[in-house]
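Shared between the two complexes below is chain A, which pairs with chain B and chain C, respectively.
Presenting the complex of A and B:
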């Protein structure tokens, strides 16, 4: 299974929404890590996002990364292809799914 | 004969051109020494600290302040004569505790500067000083530096020991050009000194979280919400500033551990436009907002109500994007869940706090947040 552990592969201190807002933004994560991995997924493959080990995930980071992806590929496809793991804060998974479902252009 | 000769000698001596020059030199030198002694005496007696001195005409920045050439010349003249306009800070110099007097002091400063007066901040008599005021003071100085306004500041530090200690430990002297020796108080492990920036800064948020974890004996997963809130507020500073008038969009943050209450308190200042100005209004709300600025008219929407609505997620950000403006509601949800205590927000004339919903008379430029975490 394809997997991204955000705290190790990207940063354990995620930042704000856009790149212009500062380091480790949601936009940067989506463009550099999430979108390329998502593009490379085969028909029957999924992508696991491991959320543990970070200091936190600001709302604007999550919305821009995952909601932003849904605005590009569509809500259904993103929900179908992405899987999440968050042992430290299980409620985070539902929160992210909410941002994906409510993503509007 | 001898006396005549002596008289001639005196006349000759008096006619010497060098005599006059020597006298002038002596007078000048003497005056300089006297002036130096006078300054030393003042410094000893009233803790004079030169905060800033600048004739910063050409700096880029906001168009918020307009100053005529005449006012600039007036300032130069007054600075050369050391004729400062003294403004006395209120005894209770705290925006949270005494908003009207404290904000009135700041608005006086801006008025005097606009008029071209060099200012002497008399802070000797302050008995109660708070970090929020120090932050706002620093923000004001930065705004002046970046504007087209020429200004000259000078000031005294408080006589009260506790207030002086607070100024030192807050990191105030790192930001102003004071003659005072900058003490390294980083060993004071009960505070994270004032940090300042324009972007969302994960490393500062991380330091604050590490500090909180060590003080409250928490694990990393316990302070995730704190990290989220700090980054959200930092991001808001940049995202919610639309008007060029507010070219300086900075945040300031200070964190300290209160050992008696066993809690960490956080103070955050955002120098953007402020929540009531930033939220998108309907046509009717816009008219109500205009009316609320008219004295004796109380039918307009209060600024405090705008803050409450923004916290509840009822108001949209001015970009109109539905996916934005979620930061404040999340902070409010942490407050409602009891994760943070004593949440207080001051923005423009709005004052949101437990048991208070009235607007202030004076306006704060930006937004000030306070909360405790135990």
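Presenting the complex of A and C:
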């Protein structure tokens, strides 16, 4: 199972949008964790993003990480390949899917 | 008061079932036979069946009433919780936007998550009550605007929030509270 638990593997206090804004930004997460994992997926594989354990997720972090990935690979492919788990804040999943769907290149 | 209402509904259903049973048998006997008081086994079974149906209807009505009442109370309680959270945490949100300090970052994220989860509870049950959905959707939209203002591009960046953004945060908070009040008013209509 391809899985990233953000709070354990990256940070439990995700930051802002860009690396220049400070540590643990959405851009940093996308480049260091999300994109490499996404690139390594085989055709029939998916990647599970476990969102639990963090204090919360800023809008800018989520948009840059997931919307940014959709700008690189396309909306359909990202929606198809990424799965989300968020027991602690269930509405986050719809929020992230919204950023992916509205990602403009 | 609430318990008294449900007990009243239950007994009302019971009485209705009983009266319907007696009336039906009376009409039946007046039409079919002059010997009204000569009960046959079939008549007794019919009578019992009517009473059982009456009890069942009364029980069903009572449960439905209690369930709706519980959900109404839950809605009001969650709406109050959200209002309280905003009232308590507005100074923290304001101070964070004024300083963009890392110290308050965790608290801001935690508060927003708590509010988000409370709104999610309202969304989960909004279809049960007509006239409430649009207010819950407004709460969601205005909350999303607040979250976007606070955790948007200025979050964690060296840039400071502008006074317009701070004013907008207050404006949308007021709108959320107004919609929550509408929910509390309309749910009992």
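FYI, the second predicted complex is superposed on the first by the 105 of 105 C-alpha atoms of A that agree within 3 Å, B and C clash if a C-alpha of one lies under 4 Å from a C-alpha of the other, contacts with A are read in each partner's own complex, and residues count from 1 in each chain.
Throughout what follows, a contact is a pair of C-beta atoms (placed from the backbone, for glycine too) under 8 Å apart; a residue touches a chain by one contact, two chains touch by 3 or more.
Only a predicted model underlies this, so the values are computations on that prediction, with no experimental measurement involved.
Contacts of A:67 after superposition on the shared chain: chain B is touched, whereas chain C is not. Between chain B and chain C, B contacts the larger number of chain A residues.
Of the two partner chains placed by superposition, only chain C is touched by A:90; chain B is not. By the touch criterion stated above, A:102 is placed in contact with chain B alone, chain C being left untouched.
In the superposition on chain A, contact of A:11 is made with chain B only, not with chain C.
Of the two partner chains, chain B and chain C are each touched by A:58.
Using the contact criterion defined above for the overlaid structures, shared-chain residue A:27 touches neither chain B nor chain C, since it reaches no partner.
Within chain A, the residues touching chain B in one complex and chain C in the other are 13, 15-18, 20-22, 25, 54-61, 88-89. Against chain B, the residues of chain A that register as touching in their complex are 11, 13-18, 20-25, 54-61, 63, 67, 88-89, 99, 102-104.
Touching chain A in their complex are the following residues of chain B: 199-203, 205-206, 209, 220-221, 223-228, 231-232, 234-235, 238-239, 322-324, 326-327, 330. On chain C, the positions that touch chain A within their shared complex are 105-106, 108-110, 112-113, 116-117, 119-120, 123, 144, 147-148, 151-158. Touching chain C in their complex are the following residues of chain A: 13, 15-18, 20-22, 25, 54-61, 88-92, 95.
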